[in-house]
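Please see the structure below; I have some questions.
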Amino acid sequence: MSRKVRYGLIGGGRGAFIGAVHRIAAAMDGRIELVCAALSSDPEVSRASAADIMLPANRAYGSFAEMLERERALPVDQRMDFVAIATPNHVHFSAAKASLEAGFHVLSDKPATLNFDEAKSLREIVRKTGKLYGLTHNYTGYPLVKQAREMIRVGSLGKIRKVVVEYPQGWMATHLEAVGRMAWLSDPKKSGSGGVVGDIGTHAENLLEYVTGLRIVELAADATSYGQGRQMPDDVNVLVRLEGGAKGVLHASQISVGEENNLNIRVYGEKGGLEWHQREPNTLQVKHLDRPIELFRTGHGYLGAAAKRATRTPPAHPEGYLEAFANIYRNFSEHVLAVAEKSQPDPLALDYPSIDDAVRGMAFIEAVVKSSAANAAWTKLDA
Amino acid sequence: MSRKVRYGLIGGGRGAFIGAVHRIAAAMDGRIELVCAALSSDPEVSRASAADIMLPANRAYGSFAEMLERERALPVDQRMDFVAIATPNHVHFSAAKASLEAGFHVLSDKPATLNFDEAKSLREIVRKTGKLYGLTHNYTGYPLVKQAREMIRVGSLGKIRKVVVEYPQGWMATHLEAVGRMAWLSDPKKSGSGGVVGDIGTHAENLLEYVTGLRIVELAADATSYGQGRQMPDDVNVLVRLEGGAKGVLHASQISVGEENNLNIRVYGEKGGLEWHQREPNTLQVKHLDRPIELFRTGHGYLGAAAKRATRTPPAHPEGYLEAFANIYRNFSEHVLAVAEKSQPDPLALDYPSIDDAVRGMAFIEAVVKSSAANAAWTKLDA
Amino acid sequence: MSRKVRYGLIGGGRGAFIGAVHRIAAAMDGRIELVCAALSSDPEVSRASAADIMLPANRAYGSFAEMLERERALPVDQRMDFVAIATPNHVHFSAAKASLEAGFHVLSDKPATLNFDEAKSLREIVRKTGKLYGLTHNYTGYPLVKQAREMIRVGSLGKIRKVVVEYPQGWMATHLEAVGRMAWLSDPKKSGSGGVVGDIGTHAENLLEYVTGLRIVELAADATSYGQGRQMPDDVNVLVRLEGGAKGVLHASQISVGEENNLNIRVYGEKGGLEWHQREPNTLQVKHLDRPIELFRTGHGYLGAAAKRATRTPPAHPEGYLEAFANIYRNFSEHVLAVAEKSQPDPLALDYPSIDDAVRGMAFIEAVVKSSAANAAWTKLDA
Amino acid sequence: MSRKVRYGLIGGGRGAFIGAVHRIAAAMDGRIELVCAALSSDPEVSRASAADIMLPANRAYGSFAEMLERERALPVDQRMDFVAIATPNHVHFSAAKASLEAGFHVLSDKPATLNFDEAKSLREIVRKTGKLYGLTHNYTGYPLVKQAREMIRVGSLGKIRKVVVEYPQGWMATHLEAVGRMAWLSDPKKSGSGGVVGDIGTHAENLLEYVTGLRIVELAADATSYGQGRQMPDDVNVLVRLEGGAKGVLHASQISVGEENNLNIRVYGEKGGLEWHQREPNTLQVKHLDRPIELFRTGHGYLGAAAKRATRTPPAHPEGYLEAFANIYRNFSEHVLAVAEKSQPDPLALDYPSIDDAVRGMAFIEAVVKSSAANAAWTKLDA
């Protein structure tokens, strides 16, 4: 890269878990620079948070509107190249819309919007403005997730038959979400109506579609709210049917006591199978018809181009969540720079979750909520 | 025990996998004696098979009818105490019926019958004859499965909320079932209409109900036959709802390439969780709200009475499938002997799958087939 | 087999862990029959123990001397074919000697004798009498241990360079061995002077030599007794050098808190590596220079003849400690029968630990004790 | 922190694996800034490498001597605060010496010097200059390694008895080290005489002493060079004796085919045990006398202060090698800033490998080489 790519951060101020993750992911490779921020909807908190992270006071803004206006006024070689959005869910759409319309590329947290209609509007805005849009479905940043996708695409597994994807967590088994920084998650107005579906179910959906390259056609969902007085589901079990005839199971939970973020996926085709767990993200089990299971490991020479590009160290230096997140930032910002310099991006740099993934995610949430309300009736995803 | 318990074996002749398993399971503890057999529906094969296993020629019968008749004629202290049934599925009912009516206790392979109606008839016959009936749902014989059940029963997990139970296999990804000893499995007239549901789905169902102590109230099932020209499903995904409001997912597959017999279960309650895999059957993960996961291991002093009774060696001598199977034989035969001697059996000896489990299993198969035929409509289990 | 092989058991009466293991291992396949026993050095206990296991009173002997004498007097087709020895260590030699000299084959617990000199005498007796002698180094009975040996023998790993073999236990971290059935273990007169070395170190040594096919040439050992007042070592660390230039580490411990019987071995050659753990005995990791690690699993078609012969069930029915133990019994008794019938045994049936293994084991114990007493001086194994 | 800490990098230019690791580790938290560098001993390469990483040309120096001189001439608020050394081993000492004597704190790669004498000299220089010195024994940066240390320090395991520490790699099974960027590793003049001992054995030694808080008193080492024509050992097996009577085994290898960087440690005390593997660095097994094994996991509330401070994300976001490395940078730079600001550092910030660890490491290498040359004679570590 010929220069560092500059970004401004909306949300993610004091106490926010995900803001720190964004900053680390961006900083890691020394090629992306945080140049400004509107870290909180409270201007005081926003400025104090900026000081915490040693951002110059003159680019610590009191609101994202102010940030967009003031950055646009800067010379091209100083202003931010893109906006990263790390706010609670209900702000994602308005912040992305304003940023795109102000002429900035956007890298947003998921879910992209509060609902499916907003997502479709956002897609229109992306198309109209011609700006880049990326979504931090960070789990697709893992090297071996990319390997899995590549192996399926080239036919190593044959025609896909069955998929199992799970995202169990346990931290809401009691009422922790009501406390502190996570309070907004329990308010449907701020996090959307999906509860567990929007929070982590979409990660499972995105992982499934990313890895298999197949879309979910229809689903039958049974969502439940186990937490006393909780307004949104904290557990959901879904039957899915994919393009081409594959079927499967997707389930996500926030009340599975003792589970951390054990996102995992198994895919079976006519000729082979794959299994990946984020708990041990540097191992991919590859299963064969007549041979022993193989353990593919991050960093080795036998991996494909996408997995290699997503790896920073030689084999056996465990890479984790932050590196996977950084891979989203890396690809997106490389694309941003290519656009800025009117050059051709590396095709592998285009491998980050897009506005289409964003719309799929919201279609999924809506379908799950609708199916569950209809006693698990089969419901199409119309995106 | 005051004497060895004697049994006769129906089915399980030359080339049959499960016949050898029954004989090993019975022989292991030196307290159960194979005294006669009708090992095949072909009298020639039956006698040759008997010679293979060094059974005296005069008690190697040409048919189970002959076996029942001739054994009844023997003095009480010589005749078999019970019949073990290890035939293809379509013979289970008739063999069990004839044996019970001839006055013998029965330990049968699962599924108990070809269909739900037969199962209800069988229950009537068991009640009428007053004979004992056991079913070799062998996975419930594992010590740590018993531990899981006990912990849930005494409330260690609190009220149960979510269950995930899986039984993936891969051996029918291609067409192996058409070959040799497994040929009958692909014929609905011999194995029942459930395919994967009857063959292994019932093991998952039984494990779920055994461990949680909760019945499946209704289910929505999506079954598929992926194998070209195969008449019965080889993969099924099921949403389940249990007594008391718990929900979950059950799936079974015979086309999941690379999977062996990876039966496994996870249960989550308000206060804790449990996870067990038959692949490593001597470890039970116990999950807590605020403490590290604990690894319970077979043979330790901290386990409960049922787990201890089901263990033959001190900690860390891995016990496996055959020992679990033998535990079914051990409990059943101890009960048989108590009945013969009119003594009180150890309450723990009553812990083997019963005629009620048998009926539940057939109700499950029928409900899955029915639900799947109705596009995964919710279907009650009426047993 | 044309008939059941008959054996008599010395030792292993009431309360003895290993006696039950022997009986289960022998009984499992229905081809070996326990026909008589001298279960304890106390005639009362001996007879009571025989009743426990439903042995006919007339063949429950008060001493092994009586057993040998009375069995010899029986007709050939009734008398036992071989003697199994499951006594405390100090009886192994005299019982084996007497049995061999009385004309019976012997299958003995390890260590074969109390010391190296006795072992050499025993080898002479075996040679002189021409009777068969086997030793229950049961861990070599595991299918995948046999697979490892076979792969090394055919050169899959190339020339062997490094070996790591471990046998950590934790049960003597406090003073459990002083209690109950294990009391004799803490008495050097009854268990030999090696402590942990004789009890489990020899298993590690035998596994190493069995799998690699290479002998330990010399060793440097550092043994320690951590338990207060304990007379024999409960922990030992050993550097080993093998034939052909390979080197390695062997360590065994009974004070490694929390370890069960985690015997394990890793072998590295010029072209590949192998790793096996008895904790999960049905998986063998096979490591390559430029390819992913492969997981070999019990029961699959890609395994060699020795592994297949040692397996009772199709893939994924976990086989464990008792099955491995039974494999020693199976091979030994098949050899016994071939000798009785003057037929050619299956070459694979000769794969059981021999008198040479017995002598090697005692040489190992003696060398470790001697080296450790000399502050870990290099000491040759002269057997 | 009140401002970013500034550092200059010596070594780690184009193609160097470890240079990139240093830069990522420093950049990750947005609190440490790379302000200058002398990236190669070849001035051309040095400047080209600086351009690659977008370092301003005026602070891309042609040699470390130039860097030190020019940086000293800058105003205090612009010049670098510390020097990071990422060169081949033979430059470590001269670069550190020059930097310290020029008034800069030093964070150096390990091993600290080429030999033990240099290490003692370096310690004198550190003492004389009063500057800070840190060593990137990065594995001690893992949260659960810190947890292990803390648990042992507060007595959770009781008095320590046994330690097993291993560092197996396989990448030098063939002759990869002769190629490309690793060529210097095979030249004793550039990497020291220890081969595997200096390259990874010291990591094992440092991990052992860090976790247990006990020093190795003496050792007996058997080192071998298996690679044809290789001048330095590529495999070493060591018996160790620690302060207080604990004993153990340490082995390291670069010819263990199929192993990646599987550094691991097991520690057993009178009351408990611990086990940690860098392959799955977010799990610490905690072993008890009478209770199930517990799995401590990164990020949980039940962990101690040091582990918590070393963690960037909530539980179950796997943290890896780069985060561990970054923890060394974080603590060291926080200490640097406290010195600059004459404030009191957080006591937890002092937790990074020190000049004493550096001297211990070189004493260890020297003792291993000496012992091995004397056929594994016991050799004291006199540092």
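Here the chain labels run A, B, C and D in written order, and each chain numbers its own residues starting at 1.
Just so it is clear, a residue touches a chain if its C-beta (ideal position, glycine included) is under 8 Å from a C-beta of that chain, and two chains touch if they have at least 3 such contacts.
Computed from a prediction, not measured in an experiment: that's the story for all the values here.
Trainee: Would you mind naming the chains that touch subunit C and likewise touch subunit D?
Mentor: Common contact partners of subunit C and subunit D, which must touch each of the two, are A, B.
Trainee: For the chain pairs A-C and B-C, which is connected through the larger number of C-beta pairs in contact?
Mentor: Pair with the higher count of C-beta contacts: B-C.
Trainee: Averaged over CA atoms, how far is the centre of subunit A from the centre of subunit C? Could you give it in whole Å?
Mentor: Computed from C-alpha means, the inter-chain centre distance equals 55 Å.
Trainee: Measuring from the mean C-alpha position of subunit B to the mean C-alpha position of subunit C, what distance in angstrom results?
Mentor: Once rounded, the distance between the two centres reads 34 Å.
Trainee: What are the residues of subunit D that contact at least two other chains?
Mentor: If we look for residues of subunit D contacting two or more partner chains, we find 259, 293, 297.
Trainee: Help me check something: in the complex, which residues belonging to subunit B touch subunit A?
Mentor: 157, 161-162, 164, 166, 168, 170, 173-174, 220, 222, 224, 226, 235, 237, 239, 241, 247-249, 251, 253, 255-259, 266, 268-273, 285, 287-289, 293, 375-376, 378
Trainee: Which bits of subunit D are touching subunit B when the two form their complex?
Mentor: Counting only subunit D, the residues touching subunit B are 286, 290-297, 300-302.
Trainee: Under the touch definition given earlier, write down the residues of subunit A that touch subunit D in their complex.
Mentor: 1, 3-4, 17, 20-21, 23-24, 27-31, 34, 53-54, 169, 171, 259-262, 278-281, 297, 299, 312-323
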